[in-house]
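Structures given as structure tokens follow.
Okay, so chain A shows up in both of these, paired with chain B first and chain C after.
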Partner chain A sequence: MEFFIDENDRVDGIEKVTGKAKYFAEYQLPGLTYGVLVTSTITKGKIIAIDTKAAKNAPGVLDVLSHLNKPSAAGYEQAGGSPMKIFYTDQVFFNGQPIAIVVADTFERATYAASLVKVSYEKTAFNTDFEASIKDAAVKKLQGAPPYVRGIADAYKTAEVKVEQTYKMPVETHNPMELHGIIADWGVNDKVTVYAKTQGVKSTQNTIANVFKIPAENIQVNSQFVGGGFGMALRTWPLEIAAIMASKQLKKPVKLIITRDQMFTMVGNRPAAYQKIGLGATKDGKITGITHTAFGQSATYENFTEGVVNMSKFMYDSENVNTNYYVIPLDMGVPIWMRGPGEATGAFALESAIDEMAFALDMDPLDFRAKNDPEQDPSQKRPFSSKYIKEAYKLGAAKIGWNNRKNKPGSIVEGSWQIGYGVSVGVFNAGRGRASVKGILKADGTLVLQSATSDIGPGTGTGMTLIASKLMNIPVYKIVFELGDSSLPPAPSQGGSATLSTVGSAVNDVCVALKSTIAELAANSNMDATSNFVDVLKKNNLPMIEKTIQSSQNNPEAKNYSMYSFSIHFVQVKVHQLTGVVKVNKIVSVGDSGKIVSPKTARSQMVGGAVGGIGMALTEEAILDNRYGRYVNNNFADYHVPVNADVPDIDVIFIDKPDPIVNPMGAKGMGEIALIGFAGAVANAVFNATGKRIRSLPITPDKVLEA
Partner chain B sequence: MINFQFVRTSVIKTALGLVSKDSKATFIAGGTNLVDLMKRGVTAPEKLIDINHLPLKQIELKNNVLHIGALVSNSALAENQLVKEKFPLLMLALKAGASAQLRNVATVGGNMMQRTRCGYFYDTTMPCNKRQPGSGCGAIGGYNRMHAIFGTSEFCIAVHPSDMCVGLVALDAQVVLASIKGERKINFIDFHRLAGTTPEKDNNLQKGELIVRLEIPINNLNKNFHYLKVRDRTSYAFALVSVAAALEINNNTISNARLAMGGVAHKPWRLQLVEEFLKGKPATTATFEEAAKLAMNGAKGFGENDFKLKLAPNTIIEALTLAKAKA
Partner chain C sequence: MAEIDKNQSGDTRRDFLKKSSLFTALSLTPLTVLKAADQKVDERFAELFEKIPLNLKVNNKAYTLKVEPRVTLLDLLREQLHLTGTKKGCDHGQCGACTVHVDGVRVNSCLSLAAMNEGKSITTIEGLAKGDELHPMQAAFIKHDGFQCGYCTPGQIMSAVACVREGHANSKDEIREYMSGNICRCGAYPNIVDAIHEVKEGGKVI
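Then we have the complex of A and B:
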């Protein structure tokens, strides 16, 4: 079959849709064995004994490893420290903690044998109740970030108009379609090969090197295709170390893939949050004070913090801002960043409060935002590198039909449904790190680019190829971008919307270097400076030239600017008056993320963010029974991610103006802003439709009905 | 792994014989629920009798009664022309259930036999009287947002998860059961049970019996009808509350009514007293509101599902309103 690719298509699209793309679990190694985890059924306490006799005698079982008999991991031998050292303790820190691994010749036999492992425990009292812990003085609260005060603390209290409210966010799980796991192969001379699901092959390599105290170059990490990460694959989880230990012990490759219910407990989650916002304004709509206090869920055995209160410091122009962020260590698995990490949680609270204030002032929420839009970053007293948010307001408002919105809630009724419009902004740091890229320019007219970066779905290879194609004037089909291999030139993990900026800059730099070499070669061989590189290479009898460049982290001017990507989400919802059902009718998401390098994959990012945003706003909640410390909806039938029928057509608009500071492409990251702010837009639209303010996500029919 | 025998037969008698002889044998049709339960360790049959090849896939009209073979798939039933014409309420109920993929595999008999979706039932480390009699009920005092408000017992507050069954109970269906001793016929409304002191029993099927077909008498309820399912997302979610409503209206007076609810009880919840109340009344919002109030007699919340005390009557009102508006 012939396929046609236009320059905007994903470079690996055909591999993905034809099944040729190989994900970690699909690698077939000779002598592959299968690991299955035994997990704790208590929430806190001590393992007294593990009876593995029946399991070891079960057919096909090779071994059962636990803290009683694991192979040594030199990096775990010292006492104390974080992260959790798997199989190095008899302590149970959370329900569902991996406490043993059963390895057998087939997955089914390992699964059965795991069910035969009998564990006895000494239980101790535990606490998983996040909300009760906030009010309970006896539960310790750790400072998650230094308190921030600009001007007068709690200035909102003396404002002419004030809003003081509490906003709640439940535990959300990443749960990409692809389950987490690893294939580990500990070979001779301590050479280790793993096929991993990771957002950073170098990070995985370094973690393994540190745990087992072997040289990083001994470890080969492969992760070319990843079936969704959303942040959960930003670290190497204890379960991965368990599989590597088992491979080391058995001298055989071990494949470990966790189950869907295990995806809820041992690979992180978006932490529950409880936020208080105090907002003060003058009667004519000038913000005079913002107080944002947040509590986030963390774990007793490892701490986790994120940027919940960041946005409140600079998004709106207020002389007085103070923020406080605490985390509450609970007897639960440690959280990890989930798309739009803390900012998505914080934006829900801040942008709901902004909408509440606009309503209290009887102002259009867009006008209220525009009136309080700062000319420069008020927290750093320096300009933004680029910011077109007012233009974004206008474009989005026109597209959604904002002029049909009435400021008075409940004004639009169609049959049993009430219609409402909502808006909210999102913002995320436009970060840029340091990365290396190797470029190999060949006399056959092709270009190979290599970097140990990742692609968890945004289309890394496509973006990089487009950058190189434009600079080198080489068609995309003659460029190959290789990633997901730890032996390639180093790059940071894919997270924080920084890959295009970071690795793209290195691609830019390597292309510039290659062009300059070609120009030198052309000059040396008396060719015209504009000669085609193929002719130049041929004339010089060179089959290829190679360059490896590490991108300088930042333009020296960068320190004089605050660099952020912005988004603004508009939604129209309908709310059923009798049943409380909320449906999102229309979505317009506008991205102000600099120059768009890859229009098609950029749009897909925004669409994916909106779908995730519908989940955050309306359906997603991991529910824990605090009496047992166990999740009760740990499957895809009961943990509700949006289905196609929940998702309307999504209009995506990009400002598409280059940022002059951040990087040579002028492109700012956009994976996070696609989601950040979305839930607030829905909550604000529900209020506009009904007059009911739902301050606790997700906005399920019962909450609407009872409000 | 836990070994089990798998036996396939295309002869009903053989299938019945196999199950009657063997206390740990069970039938498997679509397997959309049974396989899940086996994977989660909730059930571990030693012998599975694959009945997919039994001749029970007919849909035919005989003497004004629609006969539906127990192995007809949910999607085939929903797409059947006779069902669309004569029992469109059943079609709507079927289409509200599960997802298209599941409906393609799930059978009529299997749908009736599906077990509750209560999270405590599925987690073998937690108490559940339905899974392990005497172990307690996790949902009472725990997470019970999805749970029952009618006919509950101190032993179990689980709900039957089917939509199809809500439509069937409203339509006065009958169930034909076969065993090696012969056939018997029971009213659909008597097929499922309340939890009582024996929540481990979902229904009155006796050991060795097989559902072979459903029979639904033709009625005049195919003009003003609606199936309204309120759920947390638009598809592939179990009902918070669902309502099957059908009315016969002459000169704006209700001459016949059928009303049943899902997501509120251990069985599909038929509201016959409310139907009697509706008869002879004008088809007005006031009537529907009174009917909804009456329907809630005896309802009881358990905390997180208290909202159903409001959602259920509202859903009845909306379903009746939409049923009335249909013609």
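Then we have the complex of A and C:
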């Protein structure tokens, strides 16, 4: 089927709209069996006994595995250490922990049999109460990052004007639409094939190799299509190891798909956060001190930290900055980076406080930001590789109609609704790693590119194809980019907005190498240097040429610069005066992330980040019942991700100017900045609409009414 | 499953048969079945009795099947007929990823037991294109980039086609409302709305 409306369409679009795209759970293996997990119903303690008699006797059941009868995983044999070693412990660390797997010949039979497993426990006291733990001196706090001081600590306290506030965020869950799981097939001679939901096929391969102490080459990881990740598929979770153990034991392929409620407990979350910001400024609006103290939720059995306080160190020009970041180990599943990760958490607090200060100074919040925009990175004392944030302020302000905004809150009323405008900035490191790409240039005019990278949705294949198409002057439909296969040349996991920069650089380098080989061949066969590669290959009787290139991790110049992508989110909200309902009316998101390689998919990514931001700002909150250590809203009916009716039309503007340092394309990542800062823009707009400052996400009607 | 430590699921068919034989007419429960229950092979006998014959059409192809009554239409499509275009997102009718047409009406196939679909005609995403020619809604989703990861897409498209046919696509706001049963976590909603709006305004009968 050849169907291209234009070259910017997704290269895998047809597969996705026809149902032909195969996600991990959709591979048909002969003799496939089904695993279903049994999970702990206590929050902390010890498993005393597991009665599997009834389950084993149920029709179609092949086995029930737990810590009592698992097969050996050599990497788990030594005592102690992190991460949690599934089936190598009788300890329960959190509610909903997988403690056994039932395998049967059909999904229904495995599900029924899992309900027959009876577990008895010895319970011990537990703590899942994040907010209470912050104030409780008896609860252990760990340093999440070294304390940072520039100039004088807590300088804001002596400033002419000061803002000192606390900002709260609940647990959020990634909840991609595709349920997590794996198909594991442990074959003869310890050859293992898995169909995984992963953001990194090489990372999955290495984890399995380490757990079972078998050579990485023995393990084939397939993950061509991934139904969303947002960070939760950046590691191999214990449940995946459980399925592999079951396959090893039974010598049959085992498919395990977890349930939506299990997506809340065993595949990570964005940690709850409690942040204090102290901000000091002169009366004419110059920031003199920033103090950012953050607490994040972590787990007792594994630790998790992220970049919550990073942005406060360099986004605004202040002589005095100090930050502290602590994590609190709780009896809950361990968190993992969720889109925008800690930076999105930090940006909500900092950008709310910036808005509060602008209001205290009676300044337009855009003017206040512009006035404190640093010429260079004040934390590293070096220039930014590129930064067009003031231009972005102007473009976005014009598009949203910022001049309609009144600095006095509650000034605009339409019927029962109050209207307000808000703005916030997002920033994320423009990282670039090392990757290898193989290019196969064929005499039939086609180019095949291969790399063990992933596409969880941003359009990796599309972006890479466009980079190659431009460099090689080959139409996109004659280029195939293969990914999601651990046997391909290695690439890092898809995370931290680095794939386009990292793998794109390797695509660039391999294309340059192929072109130079073609030029040599042309010269050797007395052809014109500009000859088409098809003619050159034919003249030389070559069906194809191949090159594999490992890209360098950086431009050598990079160490002299700070490299970041920036976003500026503008929103107009309306707040209902009687019900407190907040609706986002208009969104303008401006991306300052270098050259845009793939305009259509890049725009979609910005749109998607804004939608995620609406969820973070207004609806998303995983609520824990601290008496039992369980989530009470662990489903899509009660945990509210944004739906179509929550989302207005979204305008996306790109600065689209190449960064001269980061990589040959001049393109910086943008998956994170699409979301970072968005929630702050909404909170600031709600204040502008109503005069009510909501410092606790999500901004639900009850909070608006009570404020 | 969440209550395994204290649930009553040990109350099996075996217990039920015994109780029913004690408290109701013995003649209703043949001796062989009771014996089987005692020998714990009742589940295996039951398996033979408990499959239900099912005739249905999927994408215009007729199937004659025997299914357990607890099998959902979604799991029948995915696990038995290997039509994996229809996706499982929540299994609770809360996300719309499993949307198919049953006799032309959009339905969450995870909330429909396969056995309830006797004689019905199911259309899945695999049955929407005419050979190599994409359905206009599929083409519009590509044009407007109405997806990212693609996992909710088959459900979105099946729902979108029904939304237009129902006459619920007369404005962008109406589309937003009538497409709110289909969650897209990548956040492609504005693009999805644009795609549906264009197909509707195109005026073709779809």
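Note that the second predicted complex is superposed on the first by the 704 of 707 C-alpha atoms of A that agree within 3 Å, B and C clash if a C-alpha of one lies under 4 Å from a C-alpha of the other, contacts with A are read in each partner's own complex, and residues count from 1 in each chain.
Operating definition for what follows: a residue touches a chain if its C-beta (ideal position, glycine included) is under 8 Å from a C-beta of that chain, and two chains touch if they have at least 3 such contacts.
Computed from a prediction, not measured in an experiment: that's the story for all the values here.
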First (chain B), second (chain C), both or neither touched by A:S72: neither
Contacts of A:S115 with chain B and chain C, given as first, second, both or neither: both
Which superposed partner A:S552 touches (first chain B, second chain C, both, neither): neither
Touching partner for A:P642 - first (chain B), second (chain C), both, neither: both
Which partner reaches more residues of chain A (counting touched residues only), chain B or chain C: C
Chain B versus chain C as contact partner of A:I456, first or second or both or neither: second
First, second, both or neither for A:S516, with chain B first and chain C second: neither
Touching partner for A:K22 - first (chain B), second (chain C), both, neither: second
First, second, both or neither for A:F225, with chain B first and chain C second: second
Partner chain(s) touched by A:T158 [first = chain B, second = chain C, both, neither]: neither
Chain A positions touched by chain B in one structure and by chain C in the second: 41, 108, 111-112, 115, 635, 637, 642-645
Footprint of chain B on chain A - complex, ascending: 41, 108-109, 111-112, 115, 416, 576, 578-581, 583, 618-619, 623, 625, 627-628, 630, 632-635, 637-638, 640, 642-646, 700-702, 705-706
Chain B residues touching chain A - in the complex, by the definition given at the top: 1-2, 41, 99, 117, 119-120, 122-123, 125-126, 138, 141-143, 145, 228, 230-238, 240, 307, 310-311, 314-315, 317-318, 321
Touch list for chain C against partner chain A, complex: 1-7, 9-10, 12, 40, 43-44, 46-47, 68, 70-71, 75, 78-79, 82-92, 94-95, 97, 124-126, 128-129, 132, 134, 138-139, 141-143, 145, 147-154, 157, 172, 175-177, 179-193
Chain C-touching residues of chain A, taken from the complex the two chains share: 1, 3, 5, 9-10, 12-23, 25-26, 28, 36, 38-39, 41-42, 54, 57-60, 106-108, 111-112, 114-121, 175-179, 225-230, 257, 259-261, 456-459, 600-601, 603-605, 607-612, 635-637, 641-645, 647-650
